[in-house]
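Input: structures, listed below.
Shared chain: chain A. Partners: chain B in the first complex, chain C in the second.
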Partner chain A sequence: MVRKVVETHGVEFSYVGRDGSGPGTKALDGISLSIEKGEFVAVVGGNGSGKTTFARMLNALFEPTAGAVFIGGIETKDKERLWEVRRLAGMVFQNPDSQIVGATVEEDVAFGPENLGLEPEEIRRRVRDALRHVGMEEDGDTPPHLLSGGRKQRAAIAGVIAMKPACLILDEATALQDPVARKDIMELLRRINREEGMTVIHITHDMEEAALADRVIVMAGGQVALDGTPREVFSRVSRLRELGVHAPYVTELFELLREEGFELPSGVLGVDEAASALGRMLTGRGYAFHTP
Partner chain B sequence: MLSIRLENLSFCYQQGTPFEKTALRNITLTIEPGTFLGVAGLSGAGKTTLLRHLSGFLRPTSGRITFDGLPVDAHGARDLRRRVGLVFQHPEDQLFEETVYKDIAFGLSGAGVSPEEAAERVREALEAVGLGEELLERSPFGLSGGEKRRVAIAGVMVMKPSVLVLDEPSVGLDPRGRGEILDHIARMRRKRGVTVVLATHDMEQMARYAEKVVVLKGGSIVSEGTPREVFRDAGALESAGLEPPRITRLMMKLKKALPDIDDGIGTVEEAAEEIKRVYRGKGCGWRRHDTRHAHGQICSRQFDSSPVGPEDEDTAGGRLYDACISC
Partner chain C sequence: MATIDGTSLDFRLLDRLSEGHSAIHRLDPRAKVLATLFFLVSVVSFGKYEVSALFPFFLYPAALIALADLPALFLVRKTALVLPFAAVIGIFNPLLDSRILLHVGPLAISGGWISCASIIVRAALTVSAAFILVSVTGFPSICAALERLGMPRTFAVQLLFLYRYIFVLIEEGKRMSLARELRTFGGRGPGMKHFGSLVGHLLLRTWERAERIHRAMLARGFTGEFHPRRPCRFGAWETLYLLGWSALFLLFRLENIPRILGTLVAGVLE
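On to the complex of A and B.
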């Protein structure tokens, strides 16, 4: 078993110039990082920071102009093993409608495994397992268009899981969803990560979601600008602003108060934690604030 | 200026067919000229259907909608659409011209506007959405997602509508793009007194921009009022699948220990001010029996001066800061 699910060395990528000649803008400019099995990584950054290009690099939709990308130990340039790379780097896109092909949820989830040329029995097993992982055992016969946005995205995730990928890569998969669906998808991802040890790479514009990851990578100008735990990354409020993103709201509030001289912890992420710290400061006694 | 009134308005898609679906039920709502109204609700709650009635794209199945007291037909649908500008979801999908200028000016063709006036209005619209004139001769398709969306909004603004209706204008944009679009719309509204109706499920945006909020659930209004009134109406909000902004939730928790704190606050800046107010009100003796303040902590009496630092330290220990002794 390869522990490093994703490994990149000095990856650069330039889109071809508009007239088709010569390299255009450098979308990725020297990305070296590794992601280990079981990590839950959030990737954030402004538009044009290179997030989506990076995701497509992992899925071998793009080939680096310089450097190398390895997925589960396989180099993405290796044409012989292209389909293996694509299977291992399972992608979920922003709009589930652009990903769903089947007439029923079951058929849709079976689409990938069928194309792997598996035995019917194995296909059935994989579909069953994948639907169980996303909590949709009961929805196998449902036409996908009758599902809510959140459940459609769940079905899309099941379709990727049925391929037994080494990691799930979600390219702004929550961006078009409403708050209930977002929460639903985040809970699902956390659970698959925890219970199945699935590596998750979640590209998002929502900093509250990113705060739920184990590790946050901030991209800017095609480079990795910050990389650390949510607490480390989000405590750097002014740097984040320069990079075109922001910290979660309570983190920003704490940094604002700290700048004015209040003794408060830095990198506070959640409402409960923030309420306890502020309550202590304002009442002079320990005060437990828990969500009922 | 245009005042819009909805009375017992209901709307049903594909009425009389097996696919009949009621999208709005008995909506009564007045949109006063110059208001910033937020329409909140989950997907399928009826936000888009409501917005489409405001510019006469849909006619109510029952009940009525009037503009300055008159129905759509008294104004003429075409004329009304010029006065009520609707920005659809993902408006950038509708860009089609060769240049940004042509795209923004498109609505003016056939509106009897001279080329000089058209040029002036395109420039104004561009400024209102915060884009620079250097973009005018570029192709709209070479712009970033946030820029494209702003060009599309400028194409509506160029018609100088009295009411600007925006259906989730910031969905899918990065954090900077989201803030910029709404900041520019809020600024434009202050400058020109335009009515703004914004559909979103982002409650942080409601706290920052809206004067009045209606919350939709299953096509009905379940809560209505100023943002702070709506945030406090926790039961209704929760039933609609929404939550108050995180900052409001923090303030609500603090209120349990500090009854005089304002828990209707929804933005970071207001919360910082409120916490400073409460802290100041506590006086100096609140925290400990002695008068020591740790480094960097502020003596409340001297709140507006700079924080105390190590240079103020009395090495003899004990009472460290004169200002605090007198507190």
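On to the complex of A and C.
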């Protein structure tokens, strides 16, 4: 069993120049990393940092101009095994309207398994299971355009998990969603990751979402600038600012308080953790503090 | 005046109708495609002055609407929208062909008027048959059937993409039209002057969106082949359906049924 789901070695990628004559801007510049089975990785970075290019590289939508990408041990350049790479690296895009091809939810979820050439009975089973996973068992016959944005994105996720990928890549899949739908999708991803052991690579601009991952990769200028647990990465607030991204708001707030001289820990990630840290500080100063 | 929203809804309704469960819906798409093809060939093979001989062919759309439980009014309305285009084709016939061919009481009818009527009747028959075929089969299944009947896959896939991207074009058109309305205060402001630029933008936006859709399809293992949802099996029912309709179309083509009926009725009355 291959433990490393994703492995990249010195990956470079340049878009074609504006006049079409030669290489243009270098979108990826020497990316070398590996992602293990069952990891939940958040990839963050400013606009133009190379996040989306990196995601498309993993699904073999783009081919590296230098270096190599391996998905489940298969090199993405291997044309003979392209369909296997695409099955292993399932991709969910930002706008669900751009990825739905079926006239009904069920038909759309079946699109991937049908392309894999599965038997009709197996396709039906996978569609049923995928819809159950995303909580849309009752929506099989619904035309996708009648669904809300959040449910459309759930249907798109179902369409990918029906292909039983080794890793689920989400390219800013929560960006167009309202806060409730974002929270819903994040809970769904965490559940798929925990219960199915599916590797999740979540590309996002939302640092609160990134803080929920096991590992955070910060990209800048087509390179990996920071890589570690959310606590390790987000405790480097000033470095993040240099890279054009910010830490979760609560982490930033605590950093500002620390700069003002308050004795608070760095790398605080959530509201509960922040409340406990504040409680400890206030109790230490002789104040009574009760968390609700 | 047809709106972009209305067009989009009509396309989606045709898609929804194809998900029905009637006996006609369940038939192998190849049988339905071939029967429609025979129907079209029979209808267009008549001479330009034939009108009465075409009327028995209305049995085909009427029977399918009844058997497949399709919304007759919707289909009649959709067909009627196309007829003005057919009328435009035939409108000059009365001027070009003034030879009197028929007398109805004191009224002398020229060949031009008859050929114009023939064009309109044929348009009504062929367009309604096409709408009905899409309503009982679904566009992806029609393309799959055409491919299985020997059409090169490239053409079948092109047709499917064309169909998929019509929705993309409509959606982008809707967005642009709304954005324009909001900034021109109900249609005032720059009009035709900017029409060319708008169409250009629409093309570029549709193109970009179509590329995103294609990428998403590739990401889900699409290799240039669509798979119809219903299993295909050309069995006894399909053979019966195809032979039955073909025999009827042949009969309608070879014999002028209204004339025979007219003669019979006249004979009885005499």
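Here are a few things to note about the model shown:
Everything that follows uses one rule, which is that the second predicted complex is superposed on the first by the 282 of 292 C-alpha atoms of A that agree within 3 Å, B and C clash if a C-alpha of one lies under 4 Å from a C-alpha of the other, contacts with A are read in each partner's own complex, and residues count from 1 in each chain.
Criterion: a residue touches a chain if its C-beta (ideal position, glycine included) is under 8 Å from a C-beta of that chain, and two chains touch if they have at least 3 such contacts.
Predicted model only: the values in this text are computed from it and were never measured.
When the two structures are aligned on the shared chain, A:160 is found in touch with chain C, with no touch to chain B. In the superposed model, A:59 lies in contact with chain C only, and not with chain B.
Once the two complexes are laid over each other on the shared chain, residue contacts for A:15 go to neither chain B nor chain C.
In the superposition on chain A, A:87 contacts chain C only, with no contact to chain B.
Once both structures are placed on chain A, no chain A residue is touched by chain B and, in the other complex, by chain C. Touching chain B in their complex are the following residues of chain A: 18, 45-48, 94, 148-149, 172, 175-181, 205, 207-208, 244-246, 248-250, 252-253, 256-257, 260-263, 271-272, 274-275, 278-279, 281-284, 287, 289.
Every residue of chain B that touches chain A in the complex is listed here, in rising order: 42-44, 142, 144-146, 171-178, 201, 204, 241-243, 245-247, 249-250, 253-254, 256-258, 268-269, 271-272, 275-276, 278-279, 282, 286-288, 294, 296-298, 306-307. Remark: chain A residues 56, 59, 61, 83, 86-87, 90-91, 93, 95, 97-99, 101, 103-104, 107, 110-112, 114-116, 120, 141, 143, 145, 159-160, 163 touch chain C in the complex.
Residues 12, 15-16, 18-19, 138, 164, 171, 209, 212-213, 215-223, 225, 227, 229, 231 of chain C touch chain A in their complex.
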